[in-house]
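Across the two complexes that follow, chain A remains constant while its partner is chain B and subsequently chain C.
After this line comes the complex of A and B, so read on.
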C-alpha cells in the first residue's frame, strides 16, 4: 500500500495544481482582513499589474472577505468547518475563492440570486443593482444579494459557486469563486 | 472548485493557518508576518515568542527561498504556519538544484550536531570573518538562527528528488514562553 501523504504534501500539491498563491483558513476579523489586503496589495504592486486591475482585485477582495467575516460562524455546538480564503494567480487572470458555512435554509435563495446575476448583461446588472440598493434601504431582506451583484459588476465575469456536505444537519460549505482578468478588454 | 473545500479540510486537519506559495521575490516577509501577527493577537502570544517567529519567517523568506528569486515566473517555494499545542510551527519548502542541495545538506548536518553554545560560537566566527558574506555564509547564519530561536527544534527532509532537483522542507518549532 502506498504511504499516505501528509496534509502538508497534499496542500502543496493542490496549490501547485491550482496555481494557488495564498491560503488562509481560520477565524476572520478586521485585523486579519486588513493584513491579507496589505499582503495582496504588496504582491500586486510588485507584479507591475495595471492600476485599474489592481483596484478591481482589491475592491472585490474587500467585498468577499467582509462577507466571510459576517458569515463565518454556525449555530451548531462546535465549529465544524473553518472559513477559508484562496488567492489563485493564472497567466491571464486572478481568482478569489472564499469558503464558509451556510445554513441550509438560505441555500436556495443564494443559488437563485447567483443564477440571476449570472444570467444578466452589464446594463441589466446595473438596473438590478439600483433596484437592490433601493430595496436594501427599505428593508434588510431586500438587500440580500447586493454583494453578488456588486462583485459580478466589478469582475465582469460569471460567479462560480458550490455547496458541499459537512458534518452538520443545518449547514453546508459554500464556496464562491470570482475571476478578475489581468487585461481589461 | 471542490479543491477549496478539500484545502479547508486539510488546513484544519494539519492545524495550518496560512500557506503561501511564491518565489518571494519582493521580500514580503513583513506583510507575511502581519497576517501571522494578526492571528497571534487572538491567541495572546507574548512579545518574545512573536519576535522569534518573526525572525524565523524573515530567515525563511530571505535566505532559504532566495534561490527562487532568479526565476521570476516560478513559484517553487512554500511557507506555512502551523499552530501546535505549545506554540507555532513554521514550515518552509523550496526547490534546490544539486549544487545547493549538497551545500545546504552539509550545513544542516553540521549545525544539527552542535549544541546551542556551539551554534552561538559558530555564528560569532562567521560574522567576524568579513562583512561581505557569501551565499553559504548567509545560509549558515539563517539556519543557525532557526536552530537557536527554536532551541534546536528543527526538522528537515526532502520531498521528491531527482537527478537535477530536490524539494527541501524545514520545519521549525517555536514554543510559547
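After this line comes the complex of A and C, so read on.
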C-alpha cells in the first residue's frame, strides 16, 4: 500500500484541491457526531445525490465517527493530536477519512483486523459479519466490534489505512480512508 | 403488561409495544451512544411477555438505519422473540420487516436475521 501523506498535510491539501463536503478536527462526542451527520445529510440532499448513495455515506460515516468517539485517548492527561474527519467528493466516488491517535499496543490488533477484512470477498465478509455478531458482546465503550466488517461490506471497497508518528512515545496517529462509489452496482 | 412507548430522537428509534393491539413496533434510526441502556426496557418488556400468556403478537420493523452496535441488540431482541415463540407458553410471534425496496443493504440485513431465527418472518419491500 502506498503510504499516505501525514494527516495534517493531507487535510491541508484536501482543503485546497478537493471538493470537501465536511472537514472537522477537534473533540468527538455523540452530540458533535449528530451535528456532523445532520449537516452532511442536508448538504448532500441539496446537491441532488442519489438517495441510496446518501444512505450509504450516512451508514459508513456513523461507524467511522462513532469509532473515534468510543476510542479517544489522552496521553497522561496531556491532550495529544486531535482526531479529525474529512468527507470529500471526487468525480466517481466519495472518500471518508478519519484520523485519531491510537495506543501503540493496539496497532497490531487493528492492522490484523483490517487486513483480514481486506482479504475477503463479499460472501466471505457476510459470513464473517454473521459469525462475529453472534459472538459479539457490547464493550465497555459501547461497541460491538463489527465496524470494520460493516464498512467494508457497505462500501464494497478495500479499507486504506496507515499509522503516523506524532509527538508521543505511546501513541501513533491512525488514519482510515474509505471509498463509496457514486454508481451503485 | 404496560404499553411501552419511547419517543424517537435523532439517534434513537420509536418504540411502541402495545399489549392491547398485540403489536410491537420499532421505527426510525438507531445509533445511540449507549445501546445497552437504550434497549434495556425493550428486553425487560419481552421478559415480561414471556411470563404472561397473551396470545399472538406481531413484531413490526420500520427501521431506516441502524449502526453495528444496534445490530447486535436487534439480534438479541429477535432471539428473545424466538424464545417466546418456541417455548411452552401460548404466546406466538410473527415478524414483519418493512424496508425501502431500493435499499438492498437493508434487505440483506433483514434476510440475514431471518436465517438466524425460527420465527415466521416476512420481509416486505415498500
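The rule is simple: the second predicted complex is superposed on the first by the 158 of 185 C-alpha atoms of A that agree within 3 Å, B and C clash if a C-alpha of one lies under 4 Å from a C-alpha of the other, contacts with A are read in each partner's own complex, and residues count from 1 in each chain.
Here, a residue touches a chain if its C-beta (ideal position, glycine included) is under 8 Å from a C-beta of that chain, and two chains touch if they have at least 3 such contacts.
Please read all numbers here as calculations on a predicted model, not as lab measurements.
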Inquiry  = Looking at A:133, would you say it contacts chain B, chain C, both, or neither? Reply first, second, both or neither.
reply    = second
Inquiry  = Touch test for A:61: chain B only (first), chain C only (second), both, or neither?
reply    = neither
Key: Touched partner set for A:173, first chain B, second chain C, both or neither   = first
Message = Tell me the contact category for A:27 with respect to chain B and chain C: first, second, both or neither.
response = first
Task = Check the residue A:36 against both partner chains and state whether it touches chain B (first), chain C (second), both, or neither.
result = first
Message = Going by the contact rule stated at the top, is it chain B or chain C that touches a larger number of residues on chain A?
response = B
Message = Under the stated touch criterion, which partner chain does A:162 make contact with: chain B (first), chain C (second), both, or neither?
response = first
Query = Given the touch rule stated above, what does A:44 touch, chain B (first), chain C (second), both, or neither?
reply = neither
Task = Check chain A for residues that touch chain B in one structure and chain C in the other, and list them.
result = 34, 38
Note = chain A contacts chain C in the complex at 30, 34, 37-38, 51-52, 55-56, 58-59, 62-63, 66, 69, 126, 129-130, 133-134, 136, 138, 142-144, 146-147, 150, 154
Remark   = Within the complex, chain A is touched by chain C residues 10-11, 31, 33-36, 65, 67-69, 71-73, 75, 102-103, 105, 108, 112, 116
Inquiry  = For a test of understanding, state which residues of chain A touch chain B in their complex under the given definition.
reply    = 6-12, 14-27, 29, 31-32, 34-36, 38-39, 42-43, 46, 81-84, 86, 97-99, 160-162, 164, 173, 175, 177
Task = State the interface residues of chain B toward chain A in the complex, per the touch definition above.
result = 1-8, 10-14, 16-22, 25-26, 28, 31-32, 34-35, 37-39, 41-42, 75, 78, 80, 91, 93, 159, 169
